[in-house]
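Chain lettering (A, B and C) follows the sequence in which the chains are written, and residue indices restart at 1 in each chain.
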Amino acid sequence: MRLRTVICAVFAATVAMAAPISAQERGGSLKVALFPEPPTVVAGLSGLGSASIVSSKIYEALVTYDTDLNPLPWLATSWETSEDGLVWTFNLAEDAKWHDGTPFTAADVVTSYQVFSVENDRLKLISAKIDGVEAVTEHQVRFILKESIPSFIYMMNYGNLPIIPAHLYAAGNFRENPANATPIGTGAFKVADWEKGSYIHLVRFEDYRDGSRPYLDDLYFVTIPDAQGVAVAFEEGSVDVASASNLEGFDVARLSAMDGVERTNHGWEMLAPHGFMWVNTQKAPLDRVELRQALNYALDKDFIRDVVFNGLATPPRGAFDSRTKFFDAGVNAYAFDPEKARDLVAASGYDGAVLKLSTAPVGSAWARLAEYEVQAWKEVGINVELDNNDVGGYLKKLAERSYDLGNIYLYQYGDPSVGVTRNFYSFNDVPGSPWNNVGRYVNPELDALLTQADAVNDPAERAALYAKAQQIIADDAVQVWTAELQFPTLYRSRVRNLVTTALGLSDSFANVWVEQ
Amino acid sequence: MPIWKSLLSRPDAILALILLGAVVLAGVLAPLIFPGGPWRMVARPFIAPFTDMGHPLGTDALGRDLAVALIYGARTSLEIGLVSTCAAVLFGTAIGGIAGFFGGRVDSLLMRSTEMFQTVPSFALAILLVAIYSPSLLSIMAAIAVVSWPPVARLARAEFLSMRRREFVQAALLSGQSNLRVAWSQILPNVLSPLIVMAALMISMAILFESALSFVGLGDPQVVSWGYLISAGRGVMARSWWLTFLPGFSIMLTIVSISILGDAIGDSQDPHFERKETE
Amino acid sequence: MLKTVVSETAKRLVVILFVVTGAFLLVRAAPGDPAAFMAGEAGSGDPAFIAHLRAQMGLDRPLPVQLGYYLRDLAALDLGQSYREGRPVFDMIAERLPNTLALAGAAFLLALVMGTAAGFLAAIHRGRLIDRLISIGSVLFFSSPYYWVALMAILLFSGKLGWFPSHGTQTIGAGYTGMRALADYLHHLVLPATASALFSMAIYARLVRASMIETANALFVKAAHARGMAPVWIWLRHVLRTSLLPITTMAGVQAGQLVAGTILTETVFAWPGIGRLMYEALGARDYNVVIGVFLVTSMIVILSNLVVDLLYRFVDPRTRAA
């Protein structure tokens, strides 16, 4: 088998990571605002973003990605793929240790894959295409695929396949494993104490494989239950780092103007949070494409960006986020056009029936967005009422498909085949699940197109197929697109190397240091 | 009318009457004065109060007129306050009345259940109820009524109990009138005034309760309420404090008015009133 | 005597049983369940996975059976497991209860002491400026939503003046120990406790004032006057003491409600107590946590009523055992 080196990872990593570093200083402590408090910090046990922000310091994955979404080494030092794309070989760090002193080996990767190909939904979706994973040597592991998966390297990200210790999890039963009480990872930090409701305290892992790293002595994740609290805490200096995903847009502008505060928009390239609205496409009157188009035309996406999200958004052109690969800028988007919306409402035969817009209490910007939408649609003659739920009730509405319209934002995970196309396949409409094809959209032509696009290796060919798919999705107004969200990270200027990869705060922090 | 007389003899009561009258009037007339409703975006966001006479109290984060929102909020608060209090008073009086009138086993059974409801922390129960039956005017009113009837029942029971022993009640019963008739025509009119004073207090409590529920995100999303405005303003408090301050201030003024009037009415009903105040 | 204790205890146990059963049925009436929530939170939607979780949690059994198991565990003082955190509910409550008790206790004491003092002052200076000011103050505090007062306090004392911290129980990462840590905790407690206290404080002040004026008019005080006692002595010895009765009753009612009312204060000040725990657990449909907190708060109400009953006998010798 002829092997082709995809990337000489070690070299690339040195360049990518070393460039901004100058004379790192050891020592110091960093306090990061965190919301909501995660139920656990064991990798992969909770799907919450805040859980992975903490657990990614404790555990690691094979690879991470730079801000252009090129893969970088993490626990894997380099990797190769066969010409036909069916065999992926990863060389692993040889001196890595678990926090309990056990050496890290290829067996850990095998166990992790066995666990998460069941426990992780995204990995599970493609696991049928994976024949298996095997430890070649102590420090080399090989994935064998049945058919090519162009997005394979993105499936290896921390959110899908964090590496957990085989010596604790090999026996199976991941969720009830007693080992979950004490997180043991290979990461640069380990758990010191967790005062529930207040903070999670991590300390430097002294046996980390790189002697000089991590630079920080310890990390505090301070749990603060609301945006107002996070803003005050950042302002008065009781936290050093805050993500705009936990802040009001107004405060982001105000706080980043403070002295000694830096702001970066990087770190969300992998997730690319994309705001849209599920539309129950099989439920009258929303089964009428004209009405769905009217819903799209009636919204002023610039107003949403400027007023609702205080400038921290980009008007979307459709289902693909402009930050991801294969986004087609040429797709016909829905400009704000109330006149056209009114005509389409009339053409749809809509009789004025009241539609329900389901929302969850996930922040005041989302409440404002829903209130704006209801008003904007009223202007064009569509009657919509708010249906506020708590998170449990909201997920239930989506899962049962008993909603009409539902605001949400979803992550795109770097490659459309991971984060986007799953929302449109007709076979992904599984009632009982609040994810995937919640809109109940059925289009055999699109199914065929997406199946092909998700499997083709040649980037140019994929791009052409995805461009076609994007236009179909837009023309059919399968969803109502609202905003590509930006979540800048705010931090004190003395904090260095905070956000260097596409994972943002959900990366290792081994390179982070503070000026003393 | 002695009540009116005593009210009009107190300057604070007059002021309270005017304030409350204005709130009630605004609430009742809201849809007539502002037929567009409180949710319309009418100007640019974050206009400060008293800077643009078209929008005297300024605008909120979406450019909606705060004055209009406050007026519609008055409507919601009063509606919820009145309906839930009526429900609680009716139910509480019925339960307490039956217990006090019949005594014995019925009494102890009913009072045990009343105690049970008083044992449960009321705000926690209300949150549970509203969250479960999803927030709407109806579920909020019902939840407030459910947590506020027990004190009424206790008061009604005590009053019925003491009335039951009075000669005129005994006489009516002996003359062959039915229990219901005696309770309705002889006892109820005599226990009405303490119940009314209590109801005034309960309206204030209901308004506070509703605002607290809205504040934690359990308000009816279809209507504007003062609690909702406080919680919506909270996010931008550092930038525009008045968006949080003014709705809370409205609640305060309304409840101050109600309590002053309640006090004044209570005093005028109290036979010792004159002596106490003049001594 | 023993008989009374036994029957009183039995009565309260029945109340607790009803509260638990009620809460048990009520939370299960909420749409959705913890399995669906957890799957949703994990970004998973596989119905087979949800069914698997449900079976693990025992939620696939008939409701009466679930209730039976719950009550059986409860009899052994086991509040069950949190579905979401996979830990005993007892531990979760035990971690947070001290914070809630500190907050509610501080608010309670503050309200009682300051309220009584204000009422006392107003009563002995009846009709004068100080009485007017106290009356106005108490009407204002009585009429304000206290979460709103809390927000305004943050705006002023944390934002503008920077005197007090606005959230949490401690300065994170300061590494204080001993007295310094306690001082830090108290510093954080000032705003939340005061904000929670104002409402009850206003009630006590009004109550004490009214009750003292009434007592002062009573005959025995006039008699004491006639015997030539000094006025301050009369006020303290006779009037205040008799006026304690209604305050005790009110305090019993307030103590329990304060604990429940801390949900709001805890939310505003990010105070890690059981109120917030319950609210978050409710959203996640973490049934056992909700019921557990409900149970604990109800028990606090029952206990405080019990204390009031006892105090009653102490304060007012006329009250006989029921």
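Rule of thumb we're sticking to: a residue touches a chain if its C-beta (ideal position, glycine included) is under 8 Å from a C-beta of that chain, and two chains touch if they have at least 3 such contacts.
Which chain is which protein? Per UniProt: A = ABC transporter substrate-binding protein; B = ABC transporter permease.
Everything numeric in this text was worked out from a predicted model, so none of it was measured.
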Could you compare the number of C-beta pairs in contact for B-C with that for A-B and name the larger? B-C
Of all chains, the one whose CA centroid lies most distant from that of chain A is B
Could you state the distance in Å from the CA-based centre of chain A to that of chain C? 40
Between chain B (ABC transporter permease) and chain C, centroid-to-centroid distance (C-alpha), Å: 22
Just the number, please: Cα centre separation of chain A and chain B (ABC transporter permease) in whole Å. 47
Sites on chain B (ABC transporter permease) at which at least two other chains make contact: 131, 134, 234, 237-238
Contacts with two or more other chains, residues of chain A listed in rising order: 232, 361, 389-390, 393
Can you list every residue of chain C that touches 2 or more other chains, as numbers and ranges? 30-31, 154, 159, 267, 282-283
Contacting residues of chain B (ABC transporter permease) [partner chain A, same complex]: 39-41, 45, 61-63, 131, 134-135, 217, 219, 221-222, 231-232, 234-239
Quick one: which bits of chain C touch chain B (ABC transporter permease) in the complex? Just the residue numbers, please. 15, 18-19, 22-23, 26-27, 29-31, 139-140, 142-145, 147-149, 151-152, 154-155, 159, 213-214, 217, 253, 256-257, 259-261, 263-264, 267, 275, 278-279, 282-283, 290, 293-294, 297-298, 301-302, 305
Across the complex, what residues on chain A touch chain B (ABC transporter permease)? 227-228, 231-232, 235, 248, 250-251, 254, 307-308, 359, 361, 364, 367-368, 370-372, 374-375, 385-390, 393
List the residues on chain A that touch chain C in their complex, please. 29, 31, 36, 39-40, 45-48, 120-122, 124, 175-176, 180, 195-199, 218, 220, 222-226, 229, 232-233, 236, 238-239, 361, 389-393, 395-397, 399, 430-436
Taking the complex as given, what residues does chain C use to touch chain A? 30-33, 36-37, 39-47, 50, 56, 82, 84-86, 92, 95-96, 99, 154, 158-159, 162, 165-173, 267, 270, 272-273, 276-277, 280, 282-285
